[in-house]
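Consider the two complexes below, in which chain A is the common component and chain B and chain C are the respective partners.
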Partner chain A sequence: MKIEREQDVVPFRNRVKEFAVKIGMSLVNQTKLITAASELVRNMLKYANGGSVIIEIINQGRDNGIRLIFDDKGPGIKDIPLALKDGFSTGKSLGIGLPGARRLVSEFDIKSVEGKGTVVTIIKWKNG
Partner chain B sequence: MKVDVSKLLRKKKKEIFESWLNNQLVDETLREDLISNEEMREQSNALLDTLLNSISNTNIAEPSSPEFESVNEILQGLSISRARQGFSPRETGAFIYSLKDAIIHVLQLEIPNDPVLLYELMLKISRLFDRFGVVTFETFIQGREEVILRQTSEITEISTPVIRVWDGILALPIIGTLDSSRTQVVMEALLQEIVETSSSIAILDISGVPAVDSLVAQHLIKTVAATRLMGAECIISGIRPEIAQTIVHLGIDLSKIMTKSSLASALKYSFSLLQLEVRKTQKEKTNIIHG
Partner chain C sequence: MDRIPILRMGQFLLVTIQIDLYDRLAVNLESDLVQMVSKTGARGVLIDISALTIVDSFMGRILGNIGNMSKIMDAETVVVGMQPAVAITLIELGLELQGVSTALNVEKGMLYLQEKIGNQIEAADDEDGVE
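Take a look at the complex of A and B:
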């Protein structure tokens, strides 16, 4: 799914919700996943001028979950550990988007190359 | 045999025009409710004129030639206005495609003995009109998107009612996502009402907000801060359990803000702030005294 404008955020979140409902995720986990997704997608818009997200259902043993891959071609993040610190922001914001998103999901992975872009992958297990 | 198509078409303009209008009139998708016959005549005439002026024996095979720019402009104008008027894509497309039929019809009559040439011309005309069709649809969609954007902003405005629940107490139910522009509207409406009613308490109810991410939280915090600057207390109510858990994990600090789980408990709290009391009337006692 392409994310180019602020107007794309709500349809995207609804899409994530559809997937979460489809695998029977609990309301609390749904809300956590959607909120984390919302943070990452907003970062993508704010710092990288948009990008794309892949939404997929994955299985591991008996558990299934949702994997979201946020891919942008923005400026990248110089110091990832710093960006993951609570309160760090280059955008005069709260600086809790990345660290907060990490706390809300089961698995969190971030790769970034300066000048090339950023890829954030998150997984939320149905019962995770 | 060599044929000067542009000359031929210009010579046959009247036939093409009549046949085109006829095509449009018999088309079942014609929206007589949305467009008058004269208007249709006028629009058709303008387009046909421009097309016949632009078309030449060379550019007929080059749909993207800049010489068709004026044709495209007319199509775009028509398409946008039709999208706004509520025409469907099919109805809008019928306009341009029925012209193609009319032109091909005339070519068939004019070139009865040279199927190869006719075929070649038809192919070129087809390609040209495919291009016109694409322009028409692209603009049509653009027009529709503008309609949607306009409606979105209208919804934003109408969906932020400030309610005077009590003397000195305002409530503002927020429904949907709180983005930056929405927050601006909400904040303005709220601050305005605080001044007008000299209220001292404002309740922001977020039961209808699907998710509270850091952006929404920040907007809420700003609204609360602005309310306080106006000398009023601001309470946030309607925080659902799943939202509460998410806010905590996300790491948003709402501890400096008065929050309540429901509008009812926020109201109760407001009463206590204003030193008001709500009591059941003691009917039975009264009955005994009078009975």
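Take a look at the complex of A and C:
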């Protein structure tokens, strides 16, 4: 799913919700996943001028989950550990997007190459 | 729809957010509310977010801005009806709603505002129809 403008945020969140509902994720976990997704998609818009997200259902043993892959061709992140710190922001903001999103999901992975772009992958297990 | 209606009730302004807000709608609400507070001299703002299924840092910031700016104009802001899943998520996200108080529902929120501003609301203000 392409994310190009702020108007894409709400439809994107609704899409994620459809997937989460499909696998029977609890309301609290759905809310955590969607909130994390919202933060990441906002970063993509704010710092990388948009990008794309892949939404998929995954299985591991008896557990189902949702995986989201946020892929942008923006400026990348120079110091990832620093960006993951609470309160760090180059956008004069609160700096809770990345660390907060990480706390809200089961698995969180971030890869970034300066000048090339950033890929953030998150997984929320149905019962995780 | 590109504006959220703001109801005036005595010294209070009431807003019920009925859908998950697009950013522009939220930004409009912020500026409309602040203008209304300054124009009417309202002493309290009550925002019902029971229909919101998610509050991310953007929406949290809007609510905080409303609270902080209202405070400058001598009005209290109370946010009511936050869904439990939203509250749990906000804590884990690490977002504190600054400048606003919270209450369980519209009734409790109204009570809070009335106490806060010293019961200046007249009994004649009929509260039927709210909620």
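Heads up, the rule we're going with is that the second predicted complex is superposed on the first by the 128 of 128 C-alpha atoms of A that agree within 3 Å, B and C clash if a C-alpha of one lies under 4 Å from a C-alpha of the other, contacts with A are read in each partner's own complex, and residues count from 1 in each chain.
Throughout what follows, a contact is a pair of C-beta atoms (placed from the backbone, for glycine too) under 8 Å apart; a residue touches a chain by one contact, two chains touch by 3 or more.
In this text the structure is predicted, and so the values were computed from the model without any measurement.
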Q. Following superposition onto chain A, is the placement of chain B relative to chain C best described as a clash or a fit?
A. clash
Q. Touching A:15, do we find chain B (first), chain C (second), both, or neither?
A. neither
(Q) Just checking: does A:6 make contact with chain B only, chain C only, both, or neither of them? Give me first, second, both or neither. (A) both
Q) Given the touch rule stated above, what does A:34 touch, chain B (first), chain C (second), both, or neither? A) both
Q: Answer with first, second, both or neither: which of chain B and chain C does A:99 touch in the superposed model?
A: both
Q. Taking the options 2-10, 128-136 or 200-208, which segment of chain B carries the C-alpha atoms that clash with chain C in the overlay?
A. 200-208
**Q.** Overlap of chain C and chain B interfaces on chain A (superposed complexes)
**A.** 6-7, 9-10, 13, 27-28, 30-32, 34-35, 38-39, 42, 86, 93-94, 96-97, 99-101, 103-104
**Q.** In the complex, chain A residues that touch chain B
**A.** 6-7, 9-10, 13, 27-28, 30-32, 34-35, 38-39, 42, 86, 93-94, 96-97, 99-101, 103-104
Q) Any idea which chain B residues touch chain A in the complex? A) 149, 152, 177, 179-180, 210-215, 217-218, 241-243, 245-246, 249-252
Q | chain C contact footprint on chain A (complex, rising order) | A | 6-7, 9-10, 13, 17, 27-28, 30-32, 34-36, 38-39, 42, 86, 93-94, 96-97, 99-101, 103-104
Q: Please name which positions on chain C make contact with chain A in the complex.
A: 20-24, 53-58, 61, 83-86, 88-89, 92-95
